[in-house]
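In what follows, chain A forms one complex with chain B and a second complex with chain C.
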Partner chain A sequence: MAAVRTSSEVAFNRVAIVAVLVVTIIFLAPIYWIASTAFKPRNLATTIPPTVVFQPEISPFVKLFTKRSQLRTPPTPEEYAAAPWWERVVFDGGEKIVRDGKGEVQWSGYPNRFMNSLIIAITSTVLAVGMGTFTAYGFSRFKVKGEADLLFFILSTRMLPPVVVAIPMFLMYRAVGLNDSHIGLIILYTAFNLSFSVWLMKGFMDEIPKEYEEAALVDGYTRMEAFFKIVLPEAATGIAATAVFCFITAWNEYAFALIMTNRRAQTAPPFIPSQVGSGLPDWTVIAAGTFLFLLPVAIFTFLLRNHLLRGMSFGAIRK
Partner chain B sequence: MTQIELRGVQKFFGAVQVIKDLNLKIADNEFIVLLGQSGCGKTTTLRAVAGLETIDEGDILIDGKPVQHLKAADRDIAMVFQSFSLYPHMSVYENIAFPLRATRKSKSEIDSEVRSVARTLQISDLLGKKPSALSGGDMQRVAIGRALVRRPKAMLMDEPIGALDAKLREEMRAEIKRLHIKQGSTTIYVTHDQIEAMSLADRIVIMHEGVLQQVGTPDEVYSRPANLFVAQFVGSPVMNVADAAVTEKASSASVTVGDAAAGFEFPNALLSKLNGHAGGQLALGIRPEGVLIRRDAADGFLPVETQIVEPLGSFDIVDLKVGSKMLRARTKSGFVSGPGEKVFARIDPTQAHFFDKASGKSLEVRL
Partner chain C sequence: MATTMITTLDRSSRAAARGLSDISIRNLFIIPTVLFLIVFNIFPLIYSLGYSFTDFRASTNAPANFVGLQNYRDLLNDPYVWANFAITAKYVIISVAGQLLVGFGVAMLLNRDIPLKGLITTLLLLPMMLSMAVVGLFWKLLYDPSWGVINYALGLGNFEWLADPKMALYAVALTDIWMWSPFVMLLSLAGLSAVPKHLYEAAAIDRAGPFYTFFRITLPLVAPILMIAVIFRTMEAFKTFDLAYILTSQPTAELISIRLYKMAFQEWQTGRSCAMAYIVLIMVLAITNIYVKYLNKVKER
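Take a look at the complex of A and B:
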């Protein structure tokens, strides 16, 4: 039987759709802004009113990855003709790409920072989710003395703003030589994410019937084998959801990365804004850096979206 | 050849003792059913045999060797769970092959054994499916297949058909029996359903509050219940149990139920067999089929009034008012037209059971 909707219900639905559209636009506008600026010519980046229709350019990305200097004199026609296409777009902007004595292109600091971000975020996510999964399994399946207190203690590590401990952490890290090191940030981000990972994974573990493992134990497997062959595949949804959250936290972290690192292990978040201060800010380059920085999280989340949605409705969040 | 023995097994959950000094011997190829209400310790006993639960005292022996310290994986036992416990991320084939993979058999051996079990259980066409695509009955067949494929020393079944609907339960019951006869492995089966227990078991083990009440063939536990609990737990409709007083009459004994004015006639031998229990603290147990009724008066029959008639198809259950007590009788379908009818009833002495009211134990009176 078809439900009959009153005119007020129809009107409410339309208002709701408009409201959702408005909210979506508000959320997507900054992302569009960053993405469009990343492809704009430099002179259109800061026009008032903003330029919406323009010929997209790749030059901000070329500039993002290379070291450049201002051209004192324009390149000769031979130099211009001999230059590859990506160097020409830099010439067009009144800059040139810096090369070393052997003529090799000098890279900017961005690729290294980007790699640092990837290494640190992926490693800390793997560690936090891995340790969180084991810990959650322990809490979920075995009688642990003082379980409630321990779980509260684990959660309590997130009860103060992390930046409060930044100065003591910096001093301790300096004392043990962990500042400006990959391993230093990996430990830090793993520690941040672990409590969250344990809590989230415990919810997912509790949802997996323990009869599955018991069946595997009786079928001739050890508990460890049962964990890897039965529990882990069943917990895939939870692991994926937890990994996305941990990865986003580690990937976007700014304050500690700014304080604890300066060059060798610096990640992209503190590096991108630092470019504003060097000479005249080229917003298109900063937007290109930010746009590329958004991609891994977007791709990671997109790939795991089905798990994430299921995780949202079946996992710890449901409780 | 697999014999299982439980010797003085005790199990505590905190301060609560869930298994109390359990002693039981299970012979090779025997189908044993642990029967009892929920919380009676039957599942804990099964899990202890499987190695999923530790015991606090006593020994569990398989073929004479203590196994209570062995892990579940090392006991060579298979188990079927009530919830089926099929691994959802694996296909039916992989589920059945899973126990064999633990034994490190070759791929071709595993394949032929999986297919042979699938043929036995008539699930060959389901091998490629995921458990979520199966019906309840097929899920249970796969679960049984997974248990059978390894040819374990013993099969443990924890209410394996409890989650199925009534019709399917009946079908699966017959299938389990057929499989047991064909495969002939020592089996321990847990259920709270006495019909399941009666139809499947070689011997039934009845448990109550962690204590073993009686072990016997289905006929033994039905016809000669060891105590009031067994008497009332086994059999449907439930056995009538009432306080009774026995008095001597000229050439017979009279058994008065509750506060009834007149007593039912019993042979004189009852008095000697009761051995002094006649004075009180006596409970009479009689199954509905042991309460005989007729329409006209006869020797030894007391006049009674029908109260409620429950037509159950092939027979009726009629409640008869005897004093302030109700006795349930089993009659031919339609024998009594309805409530308020005057009929005549007697108790068949050969089917009567007498229990000590204080201890609940049967006085083993057979007339």
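Take a look at the complex of A and C:
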């Protein structure tokens, strides 16, 4: 293509580059809007025309983490002076931070939900990737009768719509008392990610030359030793990429969390929408919660950039 | 299932002589996963198959009565359920066609020497990695008729996106297109970069026009990967719950998953919802089967 470059081709290339820039801006605009709203004062979140240039504020994040109530009377100058900076920004918004009898600041539900999300996503990721790595090695290296059918069976468990699986799981969890528990969600997410992890890891395992272990076996390693000392280190990149994918899936999951949890083990995805409720929601606080929630995924996406294709195609397309 | 997996390996191999035999290792590695999936995915489905033949309601303590195929008969004769399926089909077509057009189009644009191409590609992929529920919620603000950025940017005045029964489904599909076009783009880019350059050079020497080149060289070679993208997105769009549930409560945008959720967890028609779940399940398994066939086909190349 580069051999013959006509002037019309060069012109078309320029047009294409401009078009790509326009598309990129359109695609990133909603994400930019979340990020910018998270730093706006409340009165600038919903303005016409939309506010693009403003003095960034930290108050949405203070509000995100605390319980607040409307100020009936404005704080006295002494109160205002005595308050720490994070309380002043709440005063400025016409609200005060709720404290208990001992004067301890009352936290909102958000930090707790964020921790639940972390605990559940990390634990289920470790379990799914751990089991998936072993299973993938088994499928990659040994003859398994009905291998294609078993792999199809494993993948099909992931394809089931969450609500379909949730109905019986809800009844079973209710019978054994696992509703609204961390363990309950961890099991569901592990099962959901396990199939993905087997498929993706099998691709990575297939790429590690068999000769590596065979050489180790000849040197007197047992199969187990060869697996742990030769294969696992070789598969480290694959394991890391698989883990990040599993983490993101569990972190983002909504339907199971909505159905199976309501308070104690609730994760952030069902919690954040429940904050909108009735009346005029404070979009700056929702944006702040959304921003913090999306941040880890954005960072991981950047780290994963070379593995995205593979992960999204269940290891089928490797490039 | 466990016993059928055992095939004989060479028992006299060196590895078999020391430590665990290859067969035990293979079984040790594979069987726990299969068992785990059977216990937590298949057993619940058997459990709900049983309930699908009863009038059980999880909200009461009344014992379940066996009603035979009544639930299935009722569902398949219910015009509202058929309406839900029709809405879902419309949604799948709009959203997958949109993603295909936008995703493949952007991939065609990106498939050249562009400064910062890697960074731009990664940025474009960001939407699909984010939580549908949480980002979907924020689209409510973007769509807001009074102060939504979309109406302002397009000069649409107080256009109702989500509150208008005619518009709601399109609005949900539009958000879905925004989220998942990057997926089609990612796969298309892989397909486009795999087209051998010498084919284009040969076409240029033959003075083939851009349309001929596109339809005779590019498209046929990218088609298998596009097919994977389309089947996968079709399946995912068919299952859509989060986005539509968060964005709108319009009956005209009530997808099959939402109907199922309401039937099971708001109306507590447990027995009937189990039957409905089975109808959906069979459809999903059929699409999965096609999907896996294509995945394996592409893998073999």
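Just so it is clear, the second predicted complex is superposed on the first by the 293 of 319 C-alpha atoms of A that agree within 3 Å, B and C clash if a C-alpha of one lies under 4 Å from a C-alpha of the other, contacts with A are read in each partner's own complex, and residues count from 1 in each chain.
Keep this in mind: a contact is a pair of C-beta atoms (placed from the backbone, for glycine too) under 8 Å apart; a residue touches a chain by one contact, two chains touch by 3 or more.
What you are looking at is a predicted structure, and each value in this text was computed from that prediction instead of being measured.
By the document's definition of touching, of the two partners only chain C reaches A:286; chain B does not.
When the two structures are aligned on the shared chain, A:222 is found in touch with chain B and with chain C.
Contacts of A:155 after superposition: chain C is touched, whereas chain B is not reached.
Once the two complexes are laid over each other on the shared chain, residue contacts for A:85 go to neither chain B nor chain C. Contact with chain B, but none with chain C, is seen for A:209 once the two complexes are overlaid on the shared chain.
In the overlay built on the shared chain, the residue A:248 is in contact with chain C alone; chain B does not reach it. Look at A:135: by the touch rule set out above, it reaches chain C but stays clear of chain B. By the touch criterion defined above, A:49 reaches chain C but does not reach chain B.
In the superposed model, C is the one of chain B and chain C that contacts more residues of chain A. Note: residues 217-218, 220, 222, 225 of chain A belong to the chain B contact set and to the chain C contact set alike, using the contact criterion stated above. Residues 1, 3-4, 13, 16-17, 19-20, 23-24, 27-31, 33-34, 37, 46-50, 131-132, 134-135, 137-139, 141-146, 148, 150, 152-157, 159-172, 174, 187-188, 190-191, 194-195, 198, 217-218, 220, 222-227, 248, 251-252, 254-255, 259, 268-270, 272-273, 276, 283, 286-287, 290, 293-294, 297-298, 300-302, 305, 308-309, 312-314, 316-317, 319 of chain A touch chain C in their complex.
Contact residues of chain A toward chain B in the complex are 209, 211-212, 214-222, 225, 229-230, 233-234. Those residues of chain C that touch chain A in the complex are listed here as 4-7, 9, 14-15, 18-20, 22-23, 25-26, 28-30, 32-34, 36-37, 40-42, 44-45, 47-48, 51, 58, 106, 109-110, 112-115, 118, 120-135, 137-142, 144, 146-147, 149, 152, 178, 181-183, 186-187, 189-190, 193, 197, 200-201, 204, 225, 228, 235, 239, 241-242, 246, 257, 260-261, 264-265, 270, 273-274, 277, 280-281, 284-285, 287-289, 291-292, 295-296, 298-299. Within the complex formed with chain A, the residues of chain B that make contact are 50-52, 71-73, 76-79, 81, 83, 85, 87-89, 98-99, 102-103, 146, 150, 156.
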